[in-house]
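The two complexes that follow have chain A in common; it is paired with chain B in the first and with chain C in the second.
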Partner chain A sequence: MAHFTKATSIKDWLNQRLAIEKVEKVLASEYWIPKNINFLWAMGMILVVTFALLLVSGIFLLMYYQPNVDLAFDSVNYTIMREVGYGWLWRHVHGVAASVVFLIIYIHMFTGIYYGSYKKGREMIWISGMLLFIAFSAEAFSGYMLPWGQMSYWAGMVITNLFAGGSLHADGLVEWIRGDYVPAQAFLSRFFMLHVLLIPLAIIGLIGLHFGALRIPHVNNQDGEEIDFDEESKKYLAGDKAGSKVIRFANDFMAKDMMVVGFYLVFFFYLVFYHYGFAMDPVNFDPADGLKTPAHIYPEWYFLWSYEILRPFSTDIGLMAFAFAQVIFMLLPFLDRSPNAVPASRRGLFKYWFWAMLVDMIALTAMGKLPPEGAFSTIGLVAALVFIGLWIALPVITYFEKKA
Partner chain B sequence: MKDNSRRGFMGKAFGGVAAVGAVASLFAMKKSWDPLPSVKAAGFTTLDMSGYKENELVTEKWRGKPIFVLKYTSEMIAAMDESQKPRIITVGEASYLVTIGLCTHLGCIPSYDRKKESFLCACHGGTYDLVANVTKAPPPRALDIPPFTIKGNTLVLGEVGPEYLEMKKNGLTL
Partner chain C sequence: MKELLILVVVTVFTLVTYYLVEPFAHATLHKHVESEAFAYADLPAITKLGDATRGKELVLGAGACTGCHSINVADISAPMDAVGAAGAYGVNPPDLSNAGVVYDEKFLNALIKNPAHTLMVEHKFDESKGEMHPMIPFYGAGGDIEQETADMIAYLQSIAVSSEKLTPAMAFENACGRCHGVKYEKWTQVGTKSSFKHKKDELAFDIKVLDYQDSLKAYMGKLPPDLSMYIRSRGEHYISTFMENPQNYLEGTSMPRVGVSADTAEKVIEYLEDAGDTKRHEREETGKYVMIYIIIFAIFGVLWKRQVWRDLH
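Let's turn to the complex of A and B:
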C-alpha cells in the first residue's frame, strides 16, 4: 500500500490521493502548443463551448419535452415557448447552436485540409474527427424529429427510406428502423432515446478519442513544421520562452483561444437573440401530418451539399453517390498520396484542388436549397459530378506532387 | 507453463460464454426494435367502393400510408393503351386506380392534376400518368399497389386476393 502522510493543506490531501498537480501538468500547463498558429486553431475550443451550450440548453428542454406523437408538438411550441420561464431561450440556444456547430465543424475540417493536418501521424485525429462529424449528423437528425412538425415527419420519412437501398427494396429494414410502417410513436420514442442518450454518449467518447489522438503528434502549425516538442518544451521550462517554438496550453494558449471564443460568443448570442429564425424552419411550425407532403422537402443547410449529390441522379446511382459522399472524407489521409504536410498554397495542383472543393461544396449547398428545376438541376448535376471527379483526381495529382 | 495454459483455458472459456451472451443479447435487441404485434394487427382497411366520384382523387389511409383511389371515366379508359390497362382495378361495374400514394423515389406524396390527368411529385420532380406509371424520372417504378382483395362492392387492403397476385406475378407492382 502507498504511504500517506498527514496532509498540510486540502491541495496536499488531494494530491496524495489523486495526483492533481501531475494531472494538471499533463492536461494543461505542460501540454505544449506551437506558437506558429492563427485564429483558425481556436475552432476546437469553440466546438467544445458550443457542445457545452447544446448540453446545458438540452437539459432544460428535456424537463418539459414530451416524446409522444400527440403531445410533442405542443410541448415544444406551447409549453416550452410560452409557459416555461425563459423556455424560448433554451430552445433558441439549442436550435442556433445545432446549426452553428456545423458551420464551425466545416471551418475546422477545411482548416485541417488546408494545412495538411491529417498527415504524418495525425491520421487518427482526422478519422476520429470524421467519426464525430457522423455522430453530430446523427444527433442533428434525431433532434430534428423531436418537435414532430411537418419537416420533422417528412425528413424522417425520406431519410429512413434511404435505408431501403433503392432497388434492393429492403422495406423490412426500413420498417424495423421505424418500428412501424410509417414514422409513428415507436419511431419518435426511439429517436428521442438516441438523441438524448446513446448518440451523446458516443459523441463524448469520440471527443475523448479525438483529444487523445492529438497527444502524441501534437497540434499542427502554420508551416507544417515538424517540431521536437521535448526539445522545445525543455527550452521553455529552462526560461528561454522567446527562443522556444512552443507555449503552454494553459494559461498561455488558452488566453488567446478564449479571446476568439469571446468574439464567437458575441456572434452566437447575437444570432440567438436577433436572428434565430434561420434555425427554425417555418414549415416545422405545422404539426406532423402523414397525409400531406410539404411542397419542398429540404434538409437543414449543413446537409444540403450531400443531399444535392443524391438528387440529380436516378435512385440507385443517387444512393451510391450519396454513400460515396458520406465516407470519402474519412479516407482523405490515404487518398492524399503526397508526403508534404504544408499549407495548400505551397502544394502545386493541390492548391487548386482545395479551392475547387470548397467552391464546389458551396455550389452544392446553394443548389440543394433551390427547387430541382431547369438550370438549377443542371448546375447541381455538374457540381455533383465535379465533387466525385475531384476525389478521383486527388490520388493522381498528389502522387505527382513535387516534394516541398 | 501449467499456470499459463490454465489461464489460457479460462480465458477461452470466458470468451466462449461471453460470445454466446453477446449474440443472444444482440438477438434480443433486434427483436425489441421490431414493430409491435399491435402495430402489425392494425394493418387492414376496408373501402366501400360505391361512394367515389369520377376523376376525383380521394386519399384513404392504410397502415399510416396514404392510399390513392381514383374512379376512371369511360373516356379515360378508352384513351388508355395496352401498357396502362392491366393496372386498372375493377370492382363491380366501375374501374379504379388504387395505389399507395407515396412516390417510389423517396416517399413524398404526389399531387393529382385533374386537368392533365397526371401526378406530380414536388420533392424531386417525378411525374406519373393516370394509372400511376412513371412518365418522368427520378421515380424508379410506378406507384405501388397495396395488397387487396375484392369482396362484393368493397376492397380490403392488407389482404392478398387473386387479382392482386395476378398483378404481382406480371410485375405490375412490387
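Let's turn to the complex of A and C:
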C-alpha cells in the first residue's frame, strides 16, 4: 500500500489519493496544442457543447416521453409541448441540436480533409471520428422514430426495408429488426432503447477513443507543420510564450474555444427560438398512420446525400452504391496515397478534388430532398456517379502528387 | 483576415445548402396557393339592403331554416340532437346564432340559394343524378328572392355577437368543429368533453361521439382529421388558403368551402395556434432573455480570449 501522510489541505488530501495535480497537467495545463490554428479548430469543443445540450435536454424529455405507439405522439406534442413547464424549450433545444450537430460534424470532417489531419499517425483520429459519425447517424435516426409521427413511421419503414438487400429478399432480417411485419410497438420499444441507452453509451465511449487518439500524434495545425512538442513546450514553460509554437490546452486553447462557442451559441439559440422549423419536419406533426403514405418521404437533411446515392439507380446497384458511400469516408487515410500532410491548397490535384467533393455532396443533398423527376433525377444521377468517380480517382491523383 | 475568409466560405456553403433543402425544396414539393383575401370573387354581390324584421319572419317562417337549424339566442332549439341530426343529414346542421358574424355575407347569400355550388361540393351532390345536398336550397317566398335573402342575412347579423366578442373558440366551433375534433383542446364533434365524475357518464359521452363520427364518416367518405397539431403540420398559410377553397389543394375533396370571413379565419388560426403552438408567447419572451444572456456570454468569451492570448502573440 502506498504511504499516506496527514493531509495539509483538501487539495493535498485529494492529491495523495487521486493525483489531481498530475491529472490536471496531463489533461489541461500541459496538454500542448499548436498555436497556428484558426476557429475551425474549435469545432471539437462546439461538438462537445452540443452533445452536452443534447444529453441534458434528452434527460428532461425522457422524464415525460412514453415509448408506446398509442401514447408516444401525444406524450411529445401534448404532455411535453403543453403541460410540462418549459417542456417545449427542451424539445426545441433537442430537435435543433440534433440537426445542428450534423452541420458542425460536416464542418469538422471537411476541416480534417482540407488540412490532411487524417495522415501521418493521425489515422485513428479519423477512423474514430468516422465511427462517431456512424454512431451519431444511428442516434439521430433512432431518435427520429420516437415522436411516432408520419415521418417517423415511414422513414422507419423505408430504412428498415433497406436491410432486405434488394434481390437478396432478406425479408426475415427486416422482420427481425422490426420485431414485426411493419413498424409497430416492438419497433418503437427497441429504437427507444437504442436511442436512450445503447447508442449514447457507444458515443461516449467513442468520444473517449477520439480524444485518446489525439494524444500521441497531437492536434494538426494550419500549415501541416511537424512540431517538436517537447522542445516547444519547454520553450513555453521557460517563459517564451510568444516564441513557442505550442500553447496550453487550458486556458490558452480553451479561451479561444470558448470565444467561438460563445458565437456559436448565439447562432444556436437564435435557431432554437426563432428559426426551428428546419429541424422539425412539418409532416412529423401528423400522427403515424400505416394506411396513409405521405406524398414525399425524405430523411432529415444530413442523410440526404447518402440517400441520393441510393436513389438514382436500380435497387441492387443503388444499395451497393449506398453501402459504398457509408464506408468510403472511413478509408480516406488509406486511399489518399500522398504523404503530404499540408492544406489542400498546396496539394496539386487534391485541391480540386476537395472542392469538387464538397460541391458534389451539396448537390446530392439538394437532390435527395427534391422529387426524383426530370432534371432533378439527372442531376442526382450525375452527382452520384461523380461521387463514386471522385473516390476511385483519389488514390490515382494522390499517388502522382509531388512531394510538397 | 484569413479567419474571416474561412468564415465567409463556411457561411456561404452552409447557406446554399440551407436554401436548397429548405425554401427551394419546399417550394418545389408543395403547391403554392395565393390567398384570395376571403373575397369570394366568384360569388355575386348582395344588391339589396336587408331588413332584419322581415328577415326574422323569413328565417323563422317561410324560409324554413329552423326545420333543421337551432337558433339558441332566439330560444329556438333544433328538432334533433347532434347525433340524431348527423344520422339524418350526415353532419349536424349549425346553430345559426352567430352565423351572421362567422360567415361572409356574400357567401351566406349564395349559400341560401344554392348550397352545393357555394360550398364547392357539386362533384359530390349532382342534382341531375338525384344527389341532393342535405341543405335544401331556398327557392324564394314569393317576393324578390334577392331582397328576401338580404333580409334573412340582415336578421342573422342582427342576432349575432359583434365581431369583437366572437372568440377564437366560437369561430372554430362554428366553422370547423362539427366535422373536426381537436383532442388537445378537448373538443369533439358533439362539443367539449368535460371531465366526468362517473366512468359511466364518460362512456356515454364517448358513445355519442362515436355514433356521430360513424354518420360523419359515411357522409364525408372518411373521418375528417383531428386538427390539434395542424398549425405545426400545415402552417398558417396552408390552413387559411385551404379554408378559402379546399379544392385548390385537394381536387375532389368532400370538404366544403367553409365561407368564413377574413376575421373569422384569423380567429380560427388563433384557436389552432392555442391548440398546437400553445407556448408561442412564452417562447418569444424567454427567447429575448436567453439571447441577451448568451450575447453577454459571447462578449465575455472574447474578452477572456484577448486576455489569455495577449502573452501568446
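Everything that follows uses one rule, which is that the second predicted complex is superposed on the first by the 404 of 404 C-alpha atoms of A that agree within 3 Å, B and C clash if a C-alpha of one lies under 4 Å from a C-alpha of the other, contacts with A are read in each partner's own complex, and residues count from 1 in each chain.
Note that a contact is a pair of C-beta atoms (placed from the backbone, for glycine too) under 8 Å apart; a residue touches a chain by one contact, two chains touch by 3 or more.
Note that this is a predicted model, so its numbers are computed, not measured.
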item	value
Which superposed partner A:F313 touches (first chain B, second chain C, both, neither)	first
Touch count on chain A, higher of chain B and chain C	C
First, second, both or neither for A:Y64, with chain B first and chain C second	neither
Partner chain in contact with A:W13 - chain B first, chain C second, else both or neither	neither
Touching partner for A:F249 - first (chain B), second (chain C), both, neither	neither
Chain B versus chain C as contact partner of A:Y274, first or second or both or neither	second
Which of chain B and chain C A:H169 touches, first, second, both or neither	first
Which of chain B and chain C A:I297 touches, first, second, both or neither	first
Those residues of chain A which chain B touches in one complex and chain C touches in the other	295-296
Complex contacts: residues of chain A adjacent to chain B	154, 157-158, 161-162, 166-167, 169, 175-182, 184, 186, 190, 290-293, 295-297, 311, 313-316, 318, 372-373, 377
Touching residues on chain C, where the partner in the complex is chain A	2-3, 6-7, 10, 13-14, 16-18, 20-22, 24-25, 28-29, 183-184, 225, 228-230, 232-235, 276, 278-279, 282-284, 286-287, 290-291, 294-295, 297-302, 304-305, 307-309, 311-313
Interface residues, chain B side, partner chain A - complex	30, 33-36, 39, 43, 59, 61, 63-66, 105-109, 122-125, 137-140, 174
Touching residues on chain A, where the partner in the complex is chain C	35, 38-40, 74, 77-78, 81-82, 86, 88-89, 92, 103, 107, 241-242, 247, 251-252, 255-256, 258-263, 265-266, 269-270, 272-274, 277-278, 280, 282-287, 295-296, 301, 304, 358, 362, 365-366, 369-371
